[in-house]
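Scrolling down, you'll hit the structures one after another.
Each of the next two complexes has subunit A plus one more chain, namely subunit B in the first and subunit C in the second.
Here is the complex of A and B:
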């Protein structure tokens, strides 16, 4: 058990959860922005995560231990929400304005699960640290 | 050159590197809200690859193999991240603290062996 590797895995997990929180917060903040007449609109973002094996390949166990999560932020390709508001100055000729396709409830759920996952990563990190420090006590004080 | 001297030199250099790294991480954390700050780090372990190869090939390491090795400051702008990542720096801080304690333990046990030899086994 290479404790440096365990720390790196936990740190990568924390970084990816932080990205999720950032994306969820950005989506929630922009959920009520209206597209302009020129077509400039907020494109909702989503986070795609997959494990990537770090370059240190050895045995199968080492490869499994070196699977660190990496995330990338991609634009969501869903259609904007059309709402009938003829009194809005940005309404088109039919009286519709388009809001970005952000579901606040889903974003809140993502935010909460990312927070819990972050806390779990911190617990895992602290556990690994206690184990490493306990290991140093081998051989007496 | 005795093995004992090379071991102690390497251990003391590693301790210095760990202490410098602690300073670097503390500086990075202190500048977390500074958008123009470039994070710094310390390079030491990656210089030991050549030493490790010498050990595998020759079976032992002499002082000459350690001549170019030393802890150095490295200015490392985070590629594409922009500034200091606080959670990564705190994780590095904890890992470095464990590493420092491990090295301290190794050095103190080594000196304990020498003390045992000097006192001829008597307490």
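Here is the complex of A and C:
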């Protein structure tokens, strides 16, 4: 596995962590929106990450070394949170409005763990790059 | 950051054949001239530097689709340029060793 493949694997990790951060940010920003009467509501999203063997990275022998994270964003199927607020103009006939089921604390924890994972990816990339630069010093005085 | 002088040298050498890496030196690659190998390497490095230059301009214009991809491209360009410099150093050392021989 040459250095380009190592860099590409780090890039895939960074892209998946960025997706995680984006989804968490979107969930936090939309956590206080109220569903309208015609049913337009915010569905909280979550990120599902799977390691996928990428055939572009070498032969079958290297299949274990070529797994890289692939993320997809799916909508969370949890029930919206009902709050009794009859004075709200969007309340239904019982006086309830529904907020999306976004737990701000979980989203903040996901943000922090995605940040740490992204920084680890950057450190791994820098290490691989300094290895390559050191290799170029073979034979020099 | 494109190296116009180097690309001018490469263009003046003419077409380069399909020599894709430096490692295996078999009997077949001896047919290639040394200058075509050098110009092929210079072309590859110039292409990478030019691509990272374009990516930098796009980020400066505000199109930050994948900042990490741009930074990785820049590091790869830097690595291939360092490789070019080391190849040049080795070649110069070998040349000087030859010139030191007494007639």
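Just so it is clear, the second predicted complex is superposed on the first by the 133 of 141 C-alpha atoms of A that agree within 3 Å, B and C clash if a C-alpha of one lies under 4 Å from a C-alpha of the other, contacts with A are read in each partner's own complex, and residues count from 1 in each chain.
Just so we're on the same page, contacts are C-beta pairs under 8 Å (C-beta built on N, C-alpha and C of every residue); 3 or more make two chains touch, one makes a residue touch a chain.
Not measured: the values here are computed from a predicted model.
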Answer with clash or fit: subunit B and subunit C placed together on subunit A by superposition.
-> clash
Which holds for A:89: it touches subunit B only (first), subunit C only (second), both, or neither?
-> neither
Considering only touches as defined above, state whether A:11 meets subunit B (first), subunit C (second), both or neither.
-> both
For A:39, select first, second, both or neither according to whether it touches subunit B, subunit C, the two together, or no partner.
-> neither
In the superposed arrangement, does A:139 touch subunit B (first), subunit C (second), both or neither?
-> both
Once the two structures are fitted together, what part of subunit A is touched by subunit B and by subunit C alike?
-> 3-4, 7, 10-11, 14-15, 18, 125, 129, 132-133, 136, 139
Subunit A residues within the subunit C interface of the complex = 3-4, 7, 10-11, 14-15, 18, 122, 125, 129, 132-133, 136-137, 139-140
What residues on subunit C touch subunit A, complex-wise?
-> 66, 68-69, 72, 75-76, 79, 82-83, 86, 89-90
In the complex, go through subunit A and note every residue touching subunit B.
-> 3-4, 7, 10-11, 14-15, 18, 125, 129, 132-133, 136, 139
Within their complex, subunit B touches subunit A through residues 85, 87-88, 91-92, 94-95, 98-99, 101-102, 105, 109
